[in-house]
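You will see subunit A twice below: alongside subunit B first, and alongside subunit C after that.
Here is the complex of A and B:
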């Protein structure tokens, strides 16, 4: 990459772009995130158990790592996973609330409840890629490249970390807004500018 | 390194750190069967902050006509009380607010109670809390499940050490609601009686409400005697399961290794204040991780049978109680532990005992496979 980022992926409701290249995603009757999953020929059945936020983050991570060539089967202690977004897990919170809203139709579901924690997406990505470095989730009003960069820099203050898989991972009420990046230690200098440029 | 300038705990056991510490040292708890709260079909065992006491306390500091939620009030009172013990100007641009919470105002999804829809966003509460004190820096929200309170302190340390701010106000808070309690009930994770951390007969956790604040500053000037220094902190992921702890404790062990490496050896640790939720799996997992880290003979405690699991507040609250314990020279017992019963034996304390070492370890683990370890040291003229 000429922009000083090993690899990145941008997913919005309109398009999927990986390292500057727009991917063709045929639209079907299923949900957009499922369309992406199928179009990219991914094979990870657990995807269909995930809530939308975890799906969005999972896809962002998968596509970002496509050409990075990390071994998904070997435990890795030297990679961190850092995500941030605006709505936390509000999309799934709203779904869970439906299950308890009406006393006459009360069926709290553990499978829905578990995704009412924003950082579950970092857990899903860590499990998928066997990443044992730190994982962290932050929430802010809008994607602020300076703060985003500060969190990633922070992850590198752990001397055992060589790379960070990081993402603005927003999904709420049908609105998908994802920017994922794979960043190594020597790419930190231009990270804030790059996030700003790639997020636009 | 960074050090604690001041702190506060708002919990059912009291509205100051010292009150809470005394209650814990005396073996008190406000955890009890909640039969009517949140009109749940099933009662639950937990501890709630009294609304009237909280409102009365809030009325003393609130001069505006603006409405705050219970979650925001508890956090604001806690920050306000911590600030009163410092000479920090919270409106300074060099002060950074960091909010640790899992669910914030999630109860508004059931009944908006006249609040606008933005109020359920975590950043909105964080802004309101920071703005209450005239601080206009964008606040940071850490939402990392049960380890949020440790993540927030690690974030504070990084921001202070990279000179992004001069002071960090870390406030952890979570309140209970039908949403939160029903979810834990659906997981069958709750005990119907007082929880029994590390006990052979433990059957699950209790939930509790709290807000807790630590104000951190840089250790670049001479520290007052008995200051508590956050020496190091680290996180690691199990990469194993989103809602179940690792079978081996590998992630927690890795976090502990990273936090202790080059900073402390096992025999320098006065005690480990562990997560100890009193679920079968968590406590066993911790016993394996602590054994791998050669901490199984060091005193180990859990504070969950005093406060319950206070979620986003837990890491902050338990760090404060443990800080007061190390200043007091006391390794606290685990309340309601009668018969030790973890897969690997631990030196879990059943009585308070005195300790002379100056360093303690705080560990937390949670959903998402996250683990954290914080290493704290009491500063004295002799060890500084």
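Here is the complex of A and C:
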């Protein structure tokens, strides 16, 4: 890649771009994230159980890793997963609240409750790719490249980490805003600039 | 039986929030738990137990029986058909 990042993926409500290439996603009656899943021919039944935030993060990670060539079946301790967003798990928190809102129809759904933590996203990505390095999820006001980079650099302070799958993973109230990157130790110098450029 | 299987598939999609999935996407004979089929887990088993109780009046007290009942949508339908009280 000419921008000094091994691989990246940008997903918004309007488009999916992987390493500079816009992917064609036919719109159907299904939700946008499901349309992406089908158009990209992904096969991971657990996807359908995830909340929208986890789906967005999962898709970002899948598409970013598409051409990186990591073995999803082999456990890996040298890759870290670092995600951040603005709304944490508010989208699913709201859905869960609705299951307990009405005393006449009170049912605290376990399937909804399990996603009321933002860092479930990093867990889902780690499980899918058998990544066993450090994982972290940060919440911040907006996608701030400087802070984003400091979190990624923090992951690399562990000398056993060779690469980091990192992403701005925002989903709330139908608004999807995702930027995922696969970054190696050698690519840290220009990371802040690259995030700024790719997030635009 | 096929009608009940389709009904159960719709209910499973609803209670597990399988957004984007249709009854046609679910293989009636595929394993519901584990890495294949629907890839459900213990949290989902809870939802299915509640579904049986709420919609069919079946109380599944024995966890070991649950393993057999929830093998596939078809085994679930067969159990519902034999044991439903509503």
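Some notes on this structure:
One rule holds for everything that comes next: the second predicted complex is superposed on the first by the 200 of 200 C-alpha atoms of A that agree within 3 Å, B and C clash if a C-alpha of one lies under 4 Å from a C-alpha of the other, contacts with A are read in each partner's own complex, and residues count from 1 in each chain.
In this section, a residue touches a chain if its C-beta (ideal position, glycine included) is under 8 Å from a C-beta of that chain, and two chains touch if they have at least 3 such contacts.
Remember, it's a predicted structure, so these values are computed and weren't measured experimentally.
Taking subunit B and subunit C in turn and counting the residues of subunit A each one touches, the greater count comes from B. In the superposition on chain A, A:139 makes contact with subunit B only, not with subunit C. In the overlay built on the shared chain, the residue A:90 is in contact with subunit B alone; subunit C does not reach it.
Contact with subunit B, but none with subunit C, is seen for A:126 once the two complexes are overlaid on the shared chain. When both complexes are overlaid on chain A, the residue A:175 reaches neither subunit B nor subunit C.
In the superposition on chain A, contact is made by A:160 with subunit B only, not with subunit C.
Residue contacts after overlaying the shared chain place A:81 against subunit B, while subunit C stays out of touching range. In the superposed pair of complexes, A:110 makes contact with subunit B and with subunit C alike. Taken together, the two structures place residues 109-110, 114 of subunit A in contact with subunit B in one case and with subunit C in the other. In the complex of the two chains, the subunit B residues touching subunit A come out as 39, 41, 102-104, 106, 109-110, 120-124, 126-127, 138, 140-145, 151, 154-155, 158-159, 161-162, 164, 178-179, 182-183, 185-187, 234-243, 250-251, 254, 258, 367-370. Only residues 15-21, 36-40, 43-44, 46-47, 50 of subunit C touch subunit A when the two sit together in their complex.
Contact residues of subunit A toward subunit B in the complex are 75, 77, 81, 86-88, 90, 93-94, 96-97, 100-101, 103, 106, 108-110, 113-114, 116-120, 122-124, 126-127, 129-141, 144, 147, 150-151, 153-154, 157-158, 160. Here subunit A touches subunit C in the complex through residues 30-31, 33-34, 37-38, 44-46, 48-49, 51, 107, 109-112, 114, going by the rule given at the top.
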